[in-house]
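Chain naming follows the written order as A, B, C and D, and within any one chain the residues start at number 1.
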Amino acid sequence: MKKSVQNLKVVSNQRLNKDHALLELKSEVLLEGILPGQFANILVDKSQNVFLRRPFSIFQVDYKCNSIFILIKGIGGGTRALSKSLVGETLSVIFPLGRGYTFPEKKSKVLLVGGGVGIAPLMLLATMLKQSNHQIEILLGARTGEDLVELGNFAKYGTVHTTTEDGSHGTKGFVTNHALFGDELKSFDRIYTCGPEPMMKAVARLAYQNDVDCEVSLENTMACGYGVCLCCVTETTGGHRCVCTDGPVFDIKQLKWQN
Amino acid sequence: MAELNIDIAGLKLKNPVMTASGTFGFGVEFDDFFDLNSLGGFVVKGTTLHPRQGNAYPRMAETPSGMLNAVGLQNGGVKYFAENIYPRLLVYNTNILVNVSGSTVEEYIACAEQINELDHIAGIELNISCPNVKEGGMAFGTSCPAAEAVVKAVRKVYNKPLMVKLSPNVTDITEIALAVEASGADSISLINTILAMAIHAESRKPVLSTVTGGLSGPAVKPIALRMVWQVSKSVKVPVIGMGGIMNATDAIEFFLAGASAIQVGTANFIDPMASQHIIAGINNYLDRHNFKSIKEIIGGLQL
Amino acid sequence: MAELNIDIAGLKLKNPVMTASGTFGFGVEFDDFFDLNSLGGFVVKGTTLHPRQGNAYPRMAETPSGMLNAVGLQNGGVKYFAENIYPRLLVYNTNILVNVSGSTVEEYIACAEQINELDHIAGIELNISCPNVKEGGMAFGTSCPAAEAVVKAVRKVYNKPLMVKLSPNVTDITEIALAVEASGADSISLINTILAMAIHAESRKPVLSTVTGGLSGPAVKPIALRMVWQVSKSVKVPVIGMGGIMNATDAIEFFLAGASAIQVGTANFIDPMASQHIIAGINNYLDRHNFKSIKEIIGGLQL
Amino acid sequence: MKKSVQNLKVVSNQRLNKDHALLELKSEVLLEGILPGQFANILVDKSQNVFLRRPFSIFQVDYKCNSIFILIKGIGGGTRALSKSLVGETLSVIFPLGRGYTFPEKKSKVLLVGGGVGIAPLMLLATMLKQSNHQIEILLGARTGEDLVELGNFAKYGTVHTTTEDGSHGTKGFVTNHALFGDELKSFDRIYTCGPEPMMKAVARLAYQNDVDCEVSLENTMACGYGVCLCCVTETTGGHRCVCTDGPVFDIKQLKWQN
């Protein structure tokens, strides 16, 4: 789908817990072929301290209703204002942006690892992997059990495992403390991950060590979101590359994350 | 429909709206959004003689009504531009300018010479004002002798319209403007970004890898407007105004202050369609106020 | 509760939060809002030897995240201040500074001499940076020799702490800072407002009666922060930072950049309680980060 | 009442016509002795382009409910955002500010002249003048009949006359075209006016000519609203005076408006 600036109508805003909201945004333009990992850059016009757009993964696409879903965790002015969007309002959204996760060519066993709001791009990914009949294990980490959202929906697409830092849900610790990162790891054909950078680096390190393919989705701060400001670069084997256009999804082999 | 066309010392613009270097990529990135031929012109990314990796991430900080950048002229070098980008620009029927930077006068010259060979490039915007590189850059734009040296040198090797872009980081912008005019600039564009800084209080670290960066966006508009006014009263060559222009009202303010054309910069990030809305809004303003041509409001501030 | 007290070259502040000249009246206007003794100090309105009517209305323009003012040092003159305002300030138990301006060195001297007689005034903030008056004002702050002349002259007649307030409208702020330090300044405050302009597109007129005015507020914060950082690395005297400080986070940024104290300016207009929230917020920050004293974060930026 | 910064709760927001709204704001602090012509400086925190507070006359005070009313005409970012305030929200308000209209010492015949949203301070004025049994004539001018609001409430306090530029309500023309500004004008002890400056100047001129006392309420742009920035000055016989503290109400004799 060609990127464009659209005014999308908020058709629902579901509060999932104290700081997560799920927005459904309806488009007037026919949605087509949005890839998991692609994102939307949303204007925040009701917060005095926000100037730039804010990028959000496309959490889910409902082609029947012609709407996209955005999962928002309120952490600052922009995300908090957006998470309070009223049904009926319109939001100015540039989408779809960036390169998404790639799909395995043959039937594979894949591991999706999400940390915090980094679970956002994994829902659409899980949905589409399931359509191609891959075997999917999903590992979601958070600080506490209360911070874990949408487990039920993830369960539709694969086996869901969890870790929490306080042990209130699933394995206690970080995602990489989970048994999946033990001997079993080698059995996966590919790992897809998104979350805080230290988490993704830890996942990437273990993927390297176990020689498993791994794609990560970066969250560098962005000014434009479509490749013209050169603000969002990450160091790659090919030099500085824009996370917004060459990513946000990168194969860890492109990144200098070996150690 | 008022007349929007304007002649900027040899550059024939179909309308006075251009887009600013470093905020518009190579133009091609906007193909999805609108027809680039609708623009008076566009200025491509800052180009240097040699390829540059630019500064380390983070290169951007959001600030109240603005942003800092410290891109540091990441670009493939003029040769890469000529071979890989230039061919893709041939399809556009509008004025394409290349923004040229350098660390030494020699680099400026060598870069300008190569651009002189590119027929479809309408002119050079000489960047003597980049605050984000260690050597040269802004230094050329903050002293009259340095500015004169680089403009004179490039003037000798470049035959087409030469627009010189000034740094706002000076005590008296008119001094530099006059020096640049006397050295052969066909037109003067301003402002580049203002040297500034952002700190992350919680981590006690600078937000930018380079500590300081360049401020742009609406926050700087009142400063830019003042400088455009000062410069356009001082020089005879046309002035191209920029700095925080977000909408047609902002653009009109710059015309009234004396700008013959404007460039849209940071606004492109907030709304890739900004330049289009601005063109439409200028038209609307001229019609509403019964002006027949954009020329009637240039420098039209009523004191 | 961390220690907030700080010594600024002889000025003993109970906390590093002052309020800025021209944004705090004579202080008394805030009696309804809070107890002024809670402040580290406050700087009263710009005072000149002779009474000044100031500029004509309109004197103010709102801008993105900021405002322009062109008050032009309206004040009753130093004699009026000494006779009518000073007696009302005797009740306060905090550092009160008088901000002194002039059109000539002689005026500065005569004004400072009279303030030297006022026991309850803790110090002078020498304003060599006002962009809103026709003569003098900013001119003293934009050239080293002029800055030196006025600071040396005032230093001779004034025995108490002398804070010199710099203009940001310069190419290299450290040059001026060093000149001022060498001439006898006990401390340096910055930044004053940035020369800027606003135009009303519909009426095609300048918004301000004076066409240009001084920009303040959050819009200038990144520029102010950069200058405070540059200056505090260059000079040995304490630096008092200001420019767009709206909340405690902003204040912390200035301390990290090297300011030993800060002044709250335009924020007073948005929230007269701003200085109070800032004091509380600084306390909270220091506690959260386990600092025992404000002194631990001054210049604490981690590069 | 001492001025203070308060968070006032929006208890109602009534839309009067396409661009006028009437807000009722409830205070936690006991309201007392607010004078007509005094104003409130309100923070606009939901509009990206508004930095300074916006001043509004105190339209009415309900001491029983401990609330003040603000009449807002949407003309720009600030007024439009405020006129959309939701019931339940709080607004940061500094009030009461400025000097109000003064009251005649003896029983008088007074004329209140309001133009556009300049009618705002006149409602509380009419209420309080009525309490002291003055004889009140109220003349309200607007562009069209649709722009006239709150006529019914004004009628509780005096005889209401209107003028409209298009003649759709009352006398056609400006307020000074109304018959009240003919021979009858001399019969008034005092004129109180608020509205666009050209209107107030025309009223003041006629008041001068007919030797009738006249108080006007100015609307200079303000930064602080309480006398510390010196941005709002007007030229008076005593030099530059702050509209926010020496006004907004001035006796025309203080102003240089004779011609």
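A few points about this structure:
Quick note on the criterion: a contact is a pair of C-beta atoms (placed from the backbone, for glycine too) under 8 Å apart; a residue touches a chain by one contact, two chains touch by 3 or more.
Values in this document were obtained by computation on a predicted structure and should not be read as measured data.
Ranked by how far their CA centres sit from the centre of chain A, the chains are topped by D.
Mean C-alpha positions place chain C and chain D at a centre distance of 36 Å.
Mean C-alpha positions place chain A and chain D at a centre distance of 54 Å. Distance between chain centres (mean CA atoms), chain A to chain C: 47 Å. Across the assembly, chain C contributes 63-66, 217-218 as residues in contact with two or more other chains. Each of residues 50 in chain D touches at least two other chains.
Arrangement of the chains shown, judged by which pairs touch: one closed cycle in which each chain has exactly two touching partners. The chain pairs satisfying the stated touch condition come to A-B, A-D, B-C, C-D.
By the touch criterion given at the top, residues 2-5, 43, 49-53, 92, 94, 220-235, 239-240 of chain A touch chain B in their complex.
Within the complex formed with chain D, the chain A residues making contact are 45-48, 50. The touching residues of chain C, when paired with chain B in their complex, are 61, 63-66, 68, 142-143, 169-171, 194-199, 201, 203-206, 211-212, 215, 217-223, 225-226, 229, 244, 249, 252-253, 256-257, 285, 297, 300-303.
The touching residues of chain C, when paired with chain D in their complex, are 22-25, 29-30, 32-33, 45, 53-54, 56-60, 62-67, 69, 71, 74, 217-218, 266, 268-273.
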